[in-house]
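Letters A, B, C and D mark the chains in the order given here, with residues in each chain numbered from 1 onward.
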Amino acid sequence: MKNLWSKLATIDRRIIYLLVFIVVALPMIFRMIMPIRVSREVQMAFSEIDNLKPGSIVMISIDYDAASEPELQPMLIAILRHCFSKNIKVILLGHWALGLPLGEMALNQVAKEYNKKYGEDYVNLGYRPGYTALMVGIGKEIRDFFPTDYRGIPIDSFPFMRKVRNYQQIDVLVGLEAGATGDAWVQFAGARFNQKIILGTTGVIAPDMFPYLQAKQIAGLISGLQGAAEYETLLKKAGSAILGMPAQSFVHLLIIIFIIIGNIGYFILRKRR
Amino acid sequence: MILNIIGTWLAATLTLAIFSFLYKDNPFYKLAEHIYVGVSAGFWVIYVWAFDIKPMLIDRFLTTTGIEKWILLIPAILGVLMLTRWFPKTAWISRIPLSFTIGIGAGLGVTASIQGFLIPQIGATLLPLTTINNILLVIGVISTIIYFYFSKEFKGTWKFFSRLGIIFIMIAFGASFGYTVMARISLLIGRIYFLLHNFLNIIP
Amino acid sequence: MIRTQLPLIITFFTGMLLIVTFFIPHKPFGDLEQRFLIWYSIISGFTVLLGLDSLVKYHLTKLKKEFNIHSFILLFSLFLTLILGFYSWFKFKTPFALNSPFMYLYTYVIIPLQATMFALLAFFIASAAYRAFRARTFEATLLLIAATIVMLGRVPIGSYIWKGIASFISTIFPKIPYEELAKKEIFALISDWIMNIPQNAAKRGIFIGTALGGIAMSIRIILGIERTYITK
Amino acid sequence: MYFFFLFSLLQFNYFEYVKSYDTPSDEGGSISLEWQIKEEFISEENPIKFFEIYRSEKKEGIFENVGFVLSQYNYYEDKGLKDNKDYYYQIWAIREKDTLKSEIIGPVISRAQWFNKNRFNVLVITIILFIVFLYYIEKARKGERLFIRKISGLDAIDDAVGRATEMGRPILFSFGLGFITDVVTIAALSILSKIAKKAAEYGTRLIIPNYDPIVMTAAQETVKEAYLEAGRPDLYREGDITYLTSDQFGYAAGCDGIIMREKPGAIFWQGYFFAESLILAETGHAVGAIQIAGTTAITQLPFFIAACDYTLIGEEMFAASCYLKPEPQMLGSLKGEDFLKAIILVILIISAIIATLSIVFKNFYFLNNLYELIKNIFTIK
């Protein structure tokens, strides 16, 4: 008996690691889903894209990098899935040089799922420095900044891009933001050119974006991993956010159980001594 | 496309190699670790030169005119002086740029601490003792400050408050610990999703 | 003499200049802080070479003593990255062009390595909690209780547990209606309170202390009393 | 009739006021604008979307749009202007259905100032701090004896080095991700100096992997000097104080590798840390090292407390160099810190009493004003 208590007080860390791994992986493998309440601002964002006709054009801006990947990448994937499932064309660009690879990865992944072809259904314009000038400039003529896509292919060689000249041909702009570029999109694309904008942001900067929503400067707001999970719920297609939510609860519980076990072992051993 | 597949395999292999460290140190981890240190050290050289030296020094030197242009030579010279460490005889010269950077830190350490921490944190604690929360907050701040008193032995009332201070500190640390768990699990969810979805393709 | 006195003079002058000009918005003092920080960035751009030299020298000496695959791999990946970086810079005008080989390396090597190292924290936070959160002393008990409550307050499972507790309470005390009790998200409420009041208070106290300590340290550095970094 | 005429002229004016003035306490090149739209033009069915700001260099010239703010703001700072030059402004309120334009205001001129009035309270506090520190340092220099309480994390340094020596294992020291411009790194250098001296006396190897090259050079100098002072310059090995990488988690991966292979008997985490703190400390614990951490990074303290044997919390880090090197001047500045803490305590207590009384006795305006004054001193403008 004494042996058992001392074992409880000194569980090998590898057993803890294994259990954490299992508790995160299993709910994901078995696609366990907990009900999620959808907030109004995510519903607004979803409806905006949902109401677009096939062939409409959505421009997505990747304004984050690897540090905000866990929060913003699920949003990007969910929105791409939404667009591709409705045959909406996607233009991707970004203002963070180190974030664009994340955009490219998501595009490759989702395009494969929906059998979409580069140049016919989506293009990736890449990164250009100096975001203010770029945001204002697209209002006049997108070719002034992006005569070619990120590989150097002229954008006019893609059929659907030929008719895109400026914001007027872009139905919705989606900004995925981890910093100040979200404000800039609202100021330059939104206020000057009346571009319809949806923002997806990290949990940290979301409170700063709410005034824009109240002022109807943006048409929807998705914030943090919770927001991504809500979007996935509306889309009825599970992604990493919604699949990860149950794991959160279980790991928290697991850690608390470990703390309790450790303390039971510790107290009984101490009493014996 | 084939490059993407190779890339995903590479990424997955490296991911698993790092995770293997949880069991124990092993050749796979050791390999991944040395690749990581090598690649990231190289990456930072390029990063610093592309985002610091080129725009802040070279481009600016080429585009500005007049005195501003020549002022830029000061940091450039200080930077070069740093490299005198390579030769034992001149190594002491590198103390000039070193002491300059330490001076920057110390100067900012005074004004930035006063403006950024001292004033706002004191200002936020100037509260009327009309609610229990306010009373607790003020007592908590006071006793925590007392805990950090160094030139007095903790005896009597003083001891009471310093102990109260450590109680507040421990509650605070426990709470921040618990608060952070969620963010850390999110990271693991992201990695496992990558393995299950992008690599093994067994979940949507 | 010059070797020890000159650095102290430079530190004094730089530090005092930054403090005094903090209050002067007029040119050329207004942007001095910004300017010095840019200068610091430029200086550290050069010191990258010192770091590189240190890393390469260390592993070359190791390799010279006897061949080992790991030092070789490290140097190989270091130089490969540098070559790909400068090649991409030259060919695409920026090393960060998405289709450049340098970015390929970033995407499929650095990002997964970074993310996985970061994700190790999920395991370590569990093992640290298990080991350290023992009710050894009164203070340690408070630490673990605060952590547990905040953990429960952050996830949906906390409210399930509370519903269980609520039904237990209402069976023992039938006068307390279950419905109303269950509606109160007690763990979330307490956890918010802990974060806002005691957590905030202690954090403020630590901030004030740290700020004072940092200011004292800075003044000691400026006055040349603290001079560990300058040797004879 | 005459009245009506005047009224209709005034009705043309949609704004309560529009003010423009040189932005105070700045380096010039900036003009501030403030405005208030009349209440009767704020309506539910035709709400204001935002305000646009127009600028011209001549009153009759062409006005150019220079920026906009959302409707809830009524302040705009126009930057990037030339000093001592006339500018004219006009504010447009863009409403759902129409646009209301203010009258043209100006000319207004931008200038640079020599003193930042917004920082007056910072200046006063800076001067007070300097006076207090200089006074106590001077007092200590004259030879007054000062008491300093025990800091257990620092007393443990000798034991930790001793234990590593007994076990025949090396010592590992890390500055975390701090740069030389973080004063906490300088505090860590002082602690390193003490550890290096002990390590040299015992002949124990000291390994320091680095994140920042400048910190690395400072560490090399400090350790070399400490070995020299301990009379063992022969033991100094520059190859043990190396640069790893400036990638946060690359550094953690490298440190973890070193810990696993070298199995240090004592580990010191001293400096500024971010999320990697727990990765490092848990690995250190796994190899059974005594760990002494110290940081001012408040977010990482809980993890060090959980995983390490001793942790220096915030200010204790800065007190360390005084504690380890008890020169009179050092102790003097520590005494100065404590004096300032006492002042802060007094301020907190007195202002709490005044604030409470001013609520209880609402008629004593004096108390209320006093409380407002104290609050004003501790507000950043």
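The criterion applied here is as follows: a contact is a pair of C-beta atoms (placed from the backbone, for glycine too) under 8 Å apart; a residue touches a chain by one contact, two chains touch by 3 or more.
Bear in mind that the values here come from a model prediction, so they are computed numbers and not experimental data.
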What is the set of chains touching both subunit C and subunit D? A, B
Which chain's C-alpha centroid is most distant from that of subunit C? A
Counting C-beta pairs in contact, which chain pair has more, A-D or B-D? B-D
Could you state the distance in Å from the CA-based centre of subunit A to that of subunit D? 31
How many angstrom between the C-alpha centroids of subunit D and subunit B? 13
I'd like the Å distance between the centres of subunit A and subunit B, where a centre is the mean of that chain's Cα atoms. 25
Listed in rising order, subunit C residues that touch 2 or more other chains are 19, 22, 40, 43-44, 47-48, 50-52, 55, 94, 96, 106-107, 110-111, 113-115, 117-118, 120-123, 125, 127, 129, 131, 133, 143-144, 147-148, 151, 154-155, 203, 206-210, 212, 214-215, 217-219, 221, 229-230
Residue numbers in subunit A touching 2 or more other chains? 13, 17, 20-21, 24, 69, 105, 248, 251-252, 255
Quick check on subunit D: which residues sit in contact with 2+ other chains? 119, 122, 126, 129, 179, 181, 183, 186, 214, 217-218, 243-247, 249-250, 253, 301, 303, 305-306, 313-315, 319, 334, 337, 341, 344
Edges wherever two chains touch, nodes for the chains themselves; is that graph a line, a ring, a star, complete, or other here? complete
Give the list of subunit C residues in touch with subunit A in this complex. 94, 96-99, 103, 106-107, 111, 114-115, 122-123, 125-127, 129-131, 133-136, 144, 147-148, 151-152, 154-158
Subunit A residues touching subunit D - in the complex, by the definition given at the top: 13, 187, 191, 211-212, 215-217
Considering only the defined contacts, which subunit D positions touch subunit B in the complex? 119, 121-122, 125-126, 129, 146-149, 151, 179-183, 185-186, 214, 217-218, 243-247, 249-250, 253-254, 256-257, 260-261, 299, 301-303, 305-306, 313-316, 319, 334-335, 337-338, 341, 344-345, 347-349, 351-353, 355-356, 358-359, 371, 374-375, 378-380
Looking at the complex, which residues from subunit B come into contact with subunit C? 3, 6-8, 10-12, 14-15, 18-19, 21-22, 30-32, 34-46, 48-50, 52-53, 56-57, 74-76, 78-80, 82-83, 85-86, 92, 95-111, 113-114, 116-118, 121-122, 124-125, 133, 136-145, 147-148, 165-182, 184-185, 187-188, 190-191, 194
Partner subunit C, residues of subunit A touching it in the complex: 11, 13, 16-17, 20-21, 24, 34, 66, 69, 97-98, 100-102, 104-105, 124, 126-127, 150-151, 248-256, 258-259, 261-263, 266-267
